Amino acid sequence: MIEGDDHALARALEAILFAAEVPLSLAELTRHVGERGDLVPTLRALAQSYAPRGINLVERGGRWQFQTAPDLGHHLRSNRETVKKLSRAAVETLAVIAYHEPVTRPEIEEIRGVAVSGGTIDVLMEAGWVRPAGRRETPGRPLQYATTPEFLAHFNLVSRRDLPGLADLKAAGLLDREPPRELPLPLGGREE
Amino acid sequence: MIEGDDHALARALEAILFAAEVPLSLAELTRHVGERGDLVPTLRALAQSYAPRGINLVERGGRWQFQTAPDLGHHLRSNRETVKKLSRAAVETLAVIAYHEPVTRPEIEEIRGVAVSGGTIDVLMEAGWVRPAGRRETPGRPLQYATTPEFLAHFNLVSRRDLPGLADLKAAGLLDREPPRELPLPLGGREE
Amino acid sequence: MNGTAEFDQPVRAAAPLILQLGSWEGPLDLLLTLARAQKVDLAQISILALVDQYLDFIREAKALSLELAADYLVMAAWLAYLKSLLLLPKDPEAEPDPAEMALKLQFQLQRLEAMREAGQRLLARPQLGWDMFRRPNPEGLAEERRAVYECSYFELLSAYGAITARRNKSVHVVRRRPVMALDEAMERLEHLLGRSLDWTELSRFLPNDLADESYARSVLASSFVAALELTRQGKATLSQGAAFAPILVKARHD
């Protein structure tokens, strides 16, 4: 447990996060505890103290929340949980947005090689995982899409940097808009 | 933290109680974790480990639940401050009280030359600048008003004596330059 | 090319071909499926073999009179064009550069596959509502809106100044009266003095119809000051027998 002066602050943060209806940003936490300096060290220490427990304190997209430890789902899933299946198109579109954000619809279509039906992005927005993120300042000013903190929370990601394989994809140039020039081209029959 | 075999059980109980919609009885907890013997010692140990925290595990009428520590209720409300401008009536009333305190409402009305609504004084009291200051020992015993230390602090005054006098106000151009009303006319041939 | 045999397997094996067609999400998806059948890393893919497989597939579909969406045919035309460019002797002036076109196609396939895998890896992660749970009915945090009032010292003081001024002004307005200006009084007195040669009481030069007392006081004051001024200018002489005795005035002609 946290000792000393921080103890009172840690207790207050615990209670606030426990009672909160939504994950809270640092600014929102500050509004509740008053100006107490940088809250992050206390939150980190608190998160660490909860790590071995069945309840964890986690940061997701800059917002803090309590949730049950991910390995205990089997105790908690009763019959009340019904899994809503995402279509393959929706999963792919979500991945494209998450790894390329902010990204426009024409870019999503170019990557997927197929027109994105309106419903696909709607489903992702309804789930609260995707949001419109301003317009690209190019001709036509197309709308861009990006993921939300709720997306990170849903998939247990601290931030976008946690996206699986993000670094590898970036290194391979697969998140660029254009193919890297130096990519070797073994053109089948011709070169062999 | 709880050690050994009980650790897994304690984690499961934590998660179950955290995610439960209602306080759970021992029978209900057993249904979730399976037959693991007497749960009470583990629950007690868990409750003890939470006792110093901002979240407590408590038993009420045979049902267990997490709740925020009872002394932290004040943190669960936040103050969102909205800055409001004082109305002209309120500023004038405040000025009259400051210059004439302790002053009764009829006196304020006489000095301002307009009726003062109760709401106006309420606003000044809400702002923390005005307080009731006893009753005047005259017929009707009207309530008197005076300023508070917060009033002095807000306007950066050491005491009320720091308020500029009428001459200062005049020098600062804050008074109309109309002649005072009783200018003696020593021309009296006719009147004397 | 052995690609044909490989590609025939999965397509023919599945029940009706039409359903297979519908199961692809566009030509790029079909190309990716065919490329996977080459069982090599996409970076090592033979674009020429892939093009042949795609064109074979389209030919078969046509032979079976299947309805093909236009974009499949557009892709077929494009790939046939790419193939012809790739097989021709290298022309350094060629625009677009076929090698670059092939590179772009390869990049698109790799990228699509990467996103597909990323989607699967996302879905494989612990998910809220399945693996992790939040509190179902949190009490919520009450938010109290507290007003902070703003008022500057200047506003406070000018308000008091305004009140004071208002009180003075209101008194003044009640007593406002007509006055005789000094200029008018001088002109009048000088004119009247010109007609009179003897000492005359100043009060006799005042108008007779002074019903308004305050106007009378103003006239008296202005006329007295006018008399002083005319004396200073050498146009009149003043005389008073004793304190508070009547003031006498006479024109001076020298």
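Letters A, B and C name the chains as they come in the text, with residue numbers starting at 1 for each one.
As a convention for this text, contacts are C-beta pairs under 8 Å (C-beta built on N, C-alpha and C of every residue); 3 or more make two chains touch, one makes a residue touch a chain.
Computed from a predicted structure; not experimentally measured.
Colleague: Chain adjacency by touch: line, ring, star, complete or other shape?
Modeller: It is complete, because no pair of chains fails to touch.
Colleague: Quick one: most central chain, C-alpha centroids?
Modeller: Going by the distance between chain centres and the overall C-alpha centre, it is C.
Colleague: Cα centroid separation between chain B and chain C, in whole Å?
Modeller: Here the centre of chain C sits 34 Å away from the centre of chain B.
Colleague: Which integer distance in Å separates the CA centroid of chain A from that of chain B?
Modeller: Centres of chain A and chain B (C-alpha means) sit 39 Å apart.
Colleague: Averaged over CA atoms, how far is the centre of chain A from the centre of chain C? Could you give it in whole Å?
Modeller: 30
Colleague: Mind pulling the chain C residues that touch 2 or more other chains?
Modeller: 133-135, 139, 141
Colleague: List, in ascending order, every residue of chain B touching at least 2 other chains.
Modeller: Residues 15, 18-19, 68, 76-80 of chain B touch two or more partner chains.
Colleague: Please name which positions on chain C make contact with chain B in the complex.
Modeller: So the residues of chain C in touch with chain B come to 133-137, 139, 141-151, 153, 155-172, 175, 203, 216-217, 220-221, 224, 244, 246-247.
Colleague: Provide the residue numbers of chain A that touch chain B in the complex, in ascending order.
Modeller: 1, 7, 10-16, 18-19, 28, 31-33, 52-55, 66, 68-69, 72, 75-76
Colleague: For chain A, which residues count as touching chain C in their complex?
Modeller: Its residues touching chain C are 16, 18-21, 32, 56, 65-71, 73, 76-77, 81, 83, 86, 88-89, 91-92, 94-96, 98-99, 110-114, 153-157, 163-165, 169, 172, 174, 178-180, 183-190.
Colleague: So in the complex, the part of chain C that touches chain A is made up of which residues?
Modeller: Going through chain C, the ones touching chain A are 25-29, 43-50, 86-87, 99, 102-104, 106-108, 110-112, 114-123, 125-135, 138-141.
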